[in-house]
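Should a chain be cited, it is by its letter among A, B, C, D and E, assigned in written order, with residues numbered from 1 in that chain.
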Amino acid sequence: MSMEVFLENGRGILLAYDQGLEHGPTDLNERNVDPASIMGLAVSGRFNGVVFQKGLAERYYDGGVPLILKVNGKTNLVKGEPLARQNCSVKRAHEIGAKGVGYTIYVGSAHESIMFEEFGRIQEEAHKLGMAAIAWIYPRGEAIKNDTAPEIVAYAARTGLELGADAVKIKYTGDVQSFRWAVKSAGKARVFMSGGPKAPSEVDFLTQVRGVLDAGAAGLAVGRNVWQNSDPSRMARVLRRLVIEDRSVEEAVKI
Amino acid sequence: MSMEVFLENGRGILLAYDQGLEHGPTDLNERNVDPASIMGLAVSGRFNGVVFQKGLAERYYDGGVPLILKVNGKTNLVKGEPLARQNCSVKRAHEIGAKGVGYTIYVGSAHESIMFEEFGRIQEEAHKLGMAAIAWIYPRGEAIKNDTAPEIVAYAARTGLELGADAVKIKYTGDVQSFRWAVKSAGKARVFMSGGPKAPSEVDFLTQVRGVLDAGAAGLAVGRNVWQNSDPSRMARVLRRLVIEDRSVEEAVKI
Amino acid sequence: MSMEVFLENGRGILLAYDQGLEHGPTDLNERNVDPASIMGLAVSGRFNGVVFQKGLAERYYDGGVPLILKVNGKTNLVKGEPLARQNCSVKRAHEIGAKGVGYTIYVGSAHESIMFEEFGRIQEEAHKLGMAAIAWIYPRGEAIKNDTAPEIVAYAARTGLELGADAVKIKYTGDVQSFRWAVKSAGKARVFMSGGPKAPSEVDFLTQVRGVLDAGAAGLAVGRNVWQNSDPSRMARVLRRLVIEDRSVEEAVKI
Amino acid sequence: MSMEVFLENGRGILLAYDQGLEHGPTDLNERNVDPASIMGLAVSGRFNGVVFQKGLAERYYDGGVPLILKVNGKTNLVKGEPLARQNCSVKRAHEIGAKGVGYTIYVGSAHESIMFEEFGRIQEEAHKLGMAAIAWIYPRGEAIKNDTAPEIVAYAARTGLELGADAVKIKYTGDVQSFRWAVKSAGKARVFMSGGPKAPSEVDFLTQVRGVLDAGAAGLAVGRNVWQNSDPSRMARVLRRLVIEDRSVEEAVKI
Amino acid sequence: MSMEVFLENGRGILLAYDQGLEHGPTDLNERNVDPASIMGLAVSGRFNGVVFQKGLAERYYDGGVPLILKVNGKTNLVKGEPLARQNCSVKRAHEIGAKGVGYTIYVGSAHESIMFEEFGRIQEEAHKLGMAAIAWIYPRGEAIKNDTAPEIVAYAARTGLELGADAVKIKYTGDVQSFRWAVKSAGKARVFMSGGPKAPSEVDFLTQVRGVLDAGAAGLAVGRNVWQNSDPSRMARVLRRLVIEDRSVEEAVKI
């Protein structure tokens, strides 16, 4: 039930903004480097949730849309088997007003078991406080050759379900049929597509999203494909038409 | 005493369904990918218990048969010396209604001591709450050449007894005589055969189970050999006749 | 708000004196090896704060200026991926009278996640006690080729903001324009330049500081460029004129 | 004082039965694989104590002789620097009725410091509950060439004394004189010889034990040389005559 | 203030006896292998303190002189980067009657940060109970070429001060001038020379001690150069004359 706050017609568009920690400010420009601009966009664009790390949430979150507090993260400066430990307590996330906590699990990493353990604890604490526990599941590490291969994406989705995530954020496989399998593998856990880097064209991106929805997913967590867009507000409206109003790509872009 | 709830005539058939985490959805098909179908099968097939990870138990367990909550697990994407840390608290397992907790110990792994320590703590907590502590004991790691060698299987069984497991889940050695030694080595800990991958033929599989029973084991934990079967319900009935009613393979299949 | 105590006109000059642990006494001379001389200088030079490790704070801090207690540190004798764990509790820092705690995070280190976790906990404890949490963010480790490259410095600044630091101490990039981007990346977290080793000339150093201020930073944390100066008191006055009174380098040195 | 319960005339013979975990059931036969047979032998053979892991103690210990609960252990399947972490709480050992806890320390292992830390804590907890803390001290790891070299055995003994063990279990050096030095090095900590694998002949074994006693030790912890004997009861009686009644080997065997 | 109990005229001679754990009994002989002989010597020789590990303190300490309980240690059997974890709680040290706790920090070791963290916690606990926290600071590990080089010894001394040690035990540099710098670097932390292995001659050793005192140190922690001496009592008296009565080597030896 804890995901309901992030959904509208069973669908949701989450505005992700943890790229500053994960990739550095190279993802950002003079406008969107300011978290206040993103908070504003989340509200004006009627997103179903916004994703911040603790530092941003404490200083820029204004309650305008539900908050998912990302409680772990890492820089992309570190090499080797990936590991991101918890950097914000669930209790603190709750005090800040979060309705959900986000946690990245690098399945396939040599440190996978540490993240399974942390997520297990975090999920229990979050549920006790009435918050959703959302898993960013990224297959990574020496053993992973292709992190969008259908069987790998489905495995990621399933891992989230098995560990008790209310929702999983996973990459798109590239076609509806194989992603439908990933959605099935996720069972009652809601599936959100990971927006990823800016797509070559808007239509390319929207077609991916449409495929994700047709496969049965709840929506997407999107960052760069919105706030790197030349007109983020328009893109927000297009996405609402596509995702929440369940229109075709062709209809969605007619605004 | 805590194992009694999982036994009938001193025997038990546990329906295992943690393959989604351990191997990924490649083990699953359109029907059995849905945990609800497994929960249904557990009840209709009159299994003596069902094995779920926390995420499945929280969303699909309906109390129809006793629950064993598997409190650790890993993906098979990770390479190197195996380690699976606890991802569900014993307290949470109890709240969900579990009558037992399951924990995998990779004996022989370079991380063996971490799992001994975690299992030691989990066993004490489980017993305080009146739950059974069941050890999945898998010899694994660089030092293990053949994990079904009789002396290795007997060692696995004994490890479970020494660490205080109420029951051990181990692989079959392939013949009654050597497995009898494993069962003796397990002492008062109940022995369950690990069902393993789908056997080449039904008779092959049932003959293994018969051997396990003749060797003195309590039963088996079975997944793929039931729910990958073309008629899981029939297979469940066959297994009951074999294990609970203690019939021969020939008699058991006559239904 | 917790940084206000360290600011004057929104600017601050912090006297850093943790070099004894970080680099050893080779940075020190017969006069400044004595922490009492630094405590005296902090007061007479009207610094906005002084930075000590616990051992110095317990024995030499006299309350004359606000204290930042550095709660981790390492020697430069250790090779390999850098890691500095917490060596002073936040509670003890508070008892000693600190208004802020400092913690070094080596972003890019293989141990980054340990420091993210510790800083996350320390920040929450500090805020509960009304103290500021200040992050010394140093890109370091095998993956870092140039720790003053603009994109690396901006990443360091952003990391501090995302993790909830009230202020970040980072290195200067060498030019105003690129450092302005780092300051923007830090958002509402105050930026302090890391003073670094003694500059070739006083004007060189002051020009750096001026650039830092012009880029929008709050000030600097300075050690060697003050107390290794032949006239530390005069240097303190020059810095005040430059930083707090916001004068040009030419005006600042006219005393 | 806490060792007194295990002593008779200042001497003691402990029946060790943790080989099932340490070496696997290959040490065992059809009769002695059953822990009940060992519990019976401990009582009928009038041993001064019996050594079990938690799992055996919980199911087979009947209170007939004082119990030493071994609270750590490892399989011999693991390669590399040895480490055995605590798998039973001291509190649980006490509930089961143990009068002492046993803990193996692999001195010389790269993980030595972990075991020193665990034993330190365990010793304090045991003493608070009135139980003895007995250290199995085994020099092991890459650095150890010969674990029965006199200086190595004496070092093992001394380590136990320094860490606060009430008694140490160490290997025999092979001659009285050098073992006397090990006993001296152990100071007020009681010394028990580690029985080791079955000796080539009974007289060989008894001569070793006689040497150990002549060197000043309190006795021995013996397993395989008793329960692998063709007549364990007779061997128990022989050992009593030798150790408790302090007779010569020649006299002891005359029964 | 907490060091006062170990000082007389601002000077102190501590009788160190942790060599049994650090080096093994090879440092000991038939007489001094007995901790009781050392306890006796500590009293008769009027030492200002005696240094024991927990095991010795619990069984041999008689309250005759103030006790420093060494709460970590390692054997010299372990190779690789040195690490010694806490093996005795501060609370237990206090119960035994210690007036100070000792802890070895291997600066430069790859595990340095673990020891900084442990010492930080121990120091705070010790001070709360009114005990001194004394750091044995030994530069060690791959990066350290010469652990008596003046800049390394001064760095060791400074590390102790920065971390909050009440006193540091460090090696002599070999000359007064460079050791004076180490003493200055230690600030208000008292400096004790580490006695080290038995010197070639008594005069050599006493000349070192005189140099240490002339450099401003508080005294020394001495073991082998006293209890390996042919007449330990006389050596104790000589040291008192040298250290406490502040005489020259020539005068000190005239007894």
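FYI, contacts are C-beta pairs under 8 Å (C-beta built on N, C-alpha and C of every residue); 3 or more make two chains touch, one makes a residue touch a chain.
Just so we're clear, the structure is a prediction, and the values are computed from it rather than from any experiment.
Asks: Going by the contact rule set out at the top, which chains touch both subunit C and subunit E?
Replies: Both-contact set = empty.
Asks: Please tell me the distance, in whole Å, between the geometric centres of subunit A and subunit E computed from their C-alpha atoms.
Replies: For subunit A versus subunit E, the centre distance works out to 57 Å.
Asks: How many angstrom lie between the CA centroids of subunit B and subunit D, rounded to a whole number?
Replies: Distance between chain centres: 35 Å.
Asks: Which residues of subunit A are in contact with two or more other chains?
Replies: none
Asks: Name the ring's chains in order, please, starting from subunit A and stepping to subunit B first.
Replies: Traversing the ring with subunit A first and subunit B second gives A, B, D, E, C.
Asks: Spell out the residues on subunit B that touch subunit D in their complex, using ranges where they run on.
Replies: Within the complex, subunit B contacts subunit D at residues 107-110, 112-114, 116-117, 119-121, 123-124, 139, 141-144, 151-152, 154-155, 157-165, 181, 184-185, 187-189.
Asks: Which of the residues in subunit D end up touching subunit B in this complex?
Replies: Within the complex, subunit D touches subunit B at residues 18, 20-21, 24-26, 28, 30, 33-35, 53-56, 58-60, 72-75, 77-80, 83-89, 92.
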